[in-house]
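Each chain gets a letter, A, B, C and D, in the order it is written, and its residues are counted from 1.
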Amino acid sequence: MTLLEVRGLGKHFSGLHAVDDVDLDISAGRITAIIGPNGAGKSTLFNLLAGFYRPTSGTVRFKDRDITGMSPHRTVAHGIARTFQTTNLFEDATVLDNVLSGRVVRSHSTVFDAVLRTPRHRREERLNLDKAMAALEFTGISEYRGEIASSVPQEVQKRVSIALALATEPELLLLDEPAAGLTEEETGGFAQLIRDIVADGVTVGLVEHRMSMVMSLADHILVLDHGKEIAAGTPETVRTDPQVIEAYLGADHQEQEGAG
Amino acid sequence: MTLFIQQLFDGLALGGVYCLAAIGLTLIFGVLRIPNLAHGTLYMLGAYVTYFFLVTVGVPYVAAIGLAAVVLAVIGVLLERVVFHPLRNAPHTHHMIAAVGAMFFFQAVAQAIWGADFRRMDSPISGSVTILGAQISWQRIVIVVTAVIVLGLLTWFIKRSIHGQTIEAIEQDRTGSSLVGISPSRVSMLTFGLAAALATVAAGLVAPINLLAPTMGDALSLKVFAIIILGGLGSLPGAIVGGFTLALAEVMTSTYVSAAAGEGIAFAVIVLVLAIRPTGLFARAVQR
Amino acid sequence: MAPMRIRPGATVTAAVCAGVLLATSACGGGGGSGSDTIVIGYSGPLSGGAAAYGKNIQDGLQLAIDELNNQGVTVDGEQYRVELRSLDDQYAPDAAATNAQRLAEQDDAAVVFIPHAGGIQAAQELNSSRTEFLLGAYSSDPKIVEQGNELTMMIPPSFESYAEPFVDKLTRNGESRLGLLGTASEYGQEWTKLVTQEWKSRGGQVLSDNSIDYGTVSDFAGPVSRTLAENPDVIFLGGPSQPTAVIIEEARRQGYEGSFLLMDQAKFEEMEEFTDPKNLNDAIGVKPVRNYDDPGTEDLLDAYAEKVTKKRPVTSEVALNYQSAAIVVAAMEQAGSIDDPTAIREAIPDAIGEVGEQFHVSGFPTEITDAGHLRNQDLEAAYRTPDGEYEYLPIEQPDE
Amino acid sequence: MTTSTFSPQRLGTLLVALALLLAPLTLGGQEYVLRVLTVGATYAIAVYGMNLILGLTGQLSLAHGGFFGIGVYIVGLLTTDYDWAFWPSLLVAVVVTALGGFVSGVVALRTREEYFAIFTMAMGFIIFLVISRWESVTHAHSGVSGVKFPEGFGLLDFSEPIVMYYLVLLFLLGAAYVTHAVRRSGIGRTLVAIRTSEDLARSIGINVGLNKQLAFAASTTFAGLAGGLFAAVQGFVGPSAASIDLTFEMLMFILVGGLGTVLGPVVGTFIVLFLFEFFQDFEAYRFLVLGPIIVALVIFAPRGIVGYLNAFVGKLRSRGTGAGTGSGGPPEHRSSDTATDVKETL
């Protein structure tokens, strides 16, 4: 089943075609990766899907509903969560509070409930705490819950941002370079975490530089260059696509691997 | 028609004063992101120090303004060092309150030294000239001419000299310029010194047609904010255009609408401009 | 900051809070003065835009108190020293009321002087019901005695008494066009209304209102040329003396040759210091203090020059408060009480006649109305002739 | 969550509440101090409003004094010129400032950061100009006298200063409780998320625009309520009750107390007012001392007294238990956070 369907999506920034006429289908329960050299428009595409940018052309459909140009707070409510390339957390709050913030979109109690401490409010607060703790345990960082987010190791911070996204109870989780800057060993752990997420029933969209990780994880790969799709398919087909080798793996291969 | 000419010249003179005061503020706000609410009190101190040199010491008018500008530049640098430098990483809320504290202090100092009563400062330039039936005093002509010269020099300074270019570089890219070895700290001091000196020139020019009082800068403070919003933060040409535009708008509104409307026009301008363009007219792309 | 964390510092905070509150209450116990001291309270603008005005009144009160101490004050057979306690209210009504209450309670001041209508009205909300004190009200706005506050003593003449004779004098030669260039303060606006009515009642034409805030305008040339563009015969203006003088000078420079009708806040003697006195010719306003030949005038001028400053002249703000401080203390002597505001107020009519001659400086009050207004029956205004001489004309005061 | 049934926070709040409740009883008829306390309590209510928009949401609104003034004048004018009773007037003041805040927030919140501050400063100034110049309605500088006391319906006499004090105190405690409840709930997390990073807040599904607008409306409502009470406390009101100076005073209160904390507004307000009154003895020269004190507080105690103490005690506790519970205070102030850290280890 196609969870997210993108057709002819484009975004122009004052003459620059950041994303140009992209089609993409993300199937439920699978891992779809988007790769391409720096500046290929991968993050822009994510921003378009999550509603951070308003596309200049094309449509985005999620669960058969048109969500083109919908603002982020609504896409999240519909079930799309994302993480950022540079780890983005509420740095002065504890890890637990960070993850609890992700519950806001699923909460219904109003300020009056909070002031009057209605049963609904208490019930919801308890539920939120349970869900947040579950997300922390799922990502394996529950022992850090009391610590200030900016003070925990980088790997933990990355896991916090995933836990935060999971706390919003998404059906589609968009991960923007989740393993950037991690060691080889840590990357392995992240790959496992991503597999766990999918096993838990959440569909994953992934932007990643590290080819080894993409090739081992992805069910489907979209390759972008200069905002345009140059190839799409299984890891096997993409790996052997001459255009991809030309544009990406060939020219940049060494640099990419070195930098990774 | 005569009235219009008269008001036009008055508006231009006022615009010159506003520009000189606004440029300092726009540099501080644009370069350092500090909304310096104490700017009006620097202007006030500038007027009093000019008065001190002119009347108490007895040096000539132009020299008095020059000396006062130097003194105020030092005060500006001190203000930066003592108050704003320790707060350089604090949010603008803290800057604003610190500026208010500095404002209280400077006003109290002026009142302690020169008293609360009005002072009058006569300039050697007197008399007036009749242009198209309007009586224009030489002092106002001097204000406009001086403003133009100072603005010209300043533009040259910013574009040509190393120090000026530093200011511009920092204004455009704070992190980038600190990477290439420009010290933000030195630029901060330079900017504050320059801003205070410019405010002093404005005050020295306008004092002879008005009066000195410890509160003379209060009204100006808010107006220059309107100007730099109008002109775009950190933009020199913007401050100049904004200064003259606002001065003329003020003068013409009070002439042809009502005095109260003239007083409120600056604030109406802020609200209107920001309601339509939340980052000000002529604003550069906002870096975030 | 995390919203849901417990905040252990609260205990300490609470301790600090409690400490502060205790300290606040403790400061209530302080203040006051020895039993042989009479405290006169004063709350006025001592900083901010109106500080010069507030300082003038403070000086007047202080000079009177010095002189009283010189002579010795005896109430009910006991010797007292008089002391002035001043607090700054920056012209804000609520601060003035708070100050007045503080002066009355902490410093046991039975009389508190306040020199602005807003502060006076705010204090009147207190002095009738809650804290008792006699209010020395220095404001020429008659509203302050119209509300039946029994503990108010209005010091200056009501400004309403000026309008008619001023307009009379300046319309003698058929002048008919009045330009308005007053200050945009509370008081300036009241004056503008009054003069407008008076002028219109004689069939004159009132031109557009160019009132400006004298304190905030950077350049007076604009408003002046607007006013002159309508060719007025008389210009009404006035606010603090100094900007008024600058505006007059600007009007003369732009070629205006008509007369000026000055509101009572502007004083000839102060304006003479700020502009060539010739510019002030053909203007009507309040009589300069130095032109009175009351028995105490000279001495006050000398004392002011010696103790306060030689640079500024004595104005009616100094002189009238000088007189009224003496009246208040005389009333205490009459009443035989230093702490009963009602008794002191009731003794004022008798006290007026008992005040020493040296306190008669500028039209010493001859009576106090039932509403509490100190009045001098021979009040005079001053007209500065085109030749720069002063002429005085009597001012009739309306019944209250 | 770490909230226990018995926490030092509850004890602390209880103590502050007790101190405020008992304070008048220790005064022995010192009505001046009672007046300072009452006026301080009305200001503190407004400062709680500022805490919502600035402390929790991170938006510096300088129109706060203006909205306070609107509250003052609605109650002032309705109870005098229109002879309304106090309570309905207060209700109108609250509703008008709530709606006014919400509607003006639509435009105001299009601007961000410093622009928002300057926009609201201009708004505040326009409100002040209207109040001080619109003579036919507001009586301009003449002010409004004879504002009614609240009706006690034969049960209470609000013309008694002490009764009035307890009334204002009741509202103040309410304001503090609302702040506490909001902070603890998802709404508080929403606002703090917006303060910390609008982009991240958006990415976790927070409607940033709407929430900012609601927070702004809530803050102006507090200001309006406080203004209405202030009018009744004073009896006479003038345009200075809407002035921009008042906004800066409130800003000072909250900075001294501690941004975003529950007790900060009340602690800051009373401490600064106490300083103001204390330095009255210096008359015109008091700002020679007060000015530098303000600057020093901002530089050396940027988190405010409550924030600072919280951090301090938090540190002691975390050293004791090993588990970091962290601290309060505005997140932006990195460098001096380090500075306080250093001091705290001493």
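Methods note: a contact is a pair of C-beta atoms (placed from the backbone, for glycine too) under 8 Å apart; a residue touches a chain by one contact, two chains touch by 3 or more.
Keep in mind that what you see is a predicted model, and the values were worked out from it rather than measured.
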If you tally C-beta contacts across B-C and across B-D, the winner is B-D
Centroid check, CA-based, most central chain -> D
Note, CA centroid farthest from subunit B's centroid sits on chain A
Distance between the CA centroids of subunit B and subunit C (whole Å) is 35
Cα centre of subunit A to Cα centre of subunit B, whole Å, reads 49
Per the C-alpha centroid definition, the whole-Å distance linking subunit B and subunit D comes out as 32
Whole-Å distance, C-alpha centre of subunit A to that of subunit D, is 40
By the touch definition above, subunit B meets two or more other chains at residues 107-108, 111, 116, 260, 263
Residue numbers in subunit A touching two or more further chains are 90, 92-94, 97, 100
Note: subunit C residues in touch with at least two other chains are 1-5, 46-47, 51, 55, 184
Residue set of subunit D touching subunit B in the complex reads 54, 58, 60, 107, 110-115, 117-119, 121-123, 125-126, 129, 133, 244, 248, 251-252, 255, 259, 284-288, 290-295, 298-299, 302, 330, 332-336
The subunit C residues in contact with subunit D across the complex are 1-18, 20-25, 27-29, 46-47, 51, 55, 86-88, 91-94, 97-99, 101-102, 104-106, 117-118, 121-122, 124-126, 129-131, 141, 143, 147, 184-187, 189-190
In the complex, the residues of subunit B that touch subunit D are 29, 33, 35, 82-83, 86-94, 96-98, 100-109, 111-112, 116, 222, 225-226, 229, 233, 260, 263-264, 266-268, 270-271, 274-275, 278-280
Residue positions on subunit A within touch of subunit D in the complex are 50, 52, 71-73, 75-77, 81-84, 88-94, 96-97, 100-105, 107, 109-111, 113-115, 117, 121, 124-125, 128-129, 146-148, 151, 164-165, 167-168
Listed in rising order, the residues of subunit D that touch subunit C in the complex are 1-4, 7-16, 18-20, 23, 26-27, 30-33, 35-37, 39, 56, 133, 135, 140-143, 145-146, 159, 161, 183-185, 188-189, 191-192, 230, 234-238, 240-241, 260-263, 266-267, 270-271, 274, 277-278, 280, 283-284, 286-287, 305-314, 316-317, 325-331
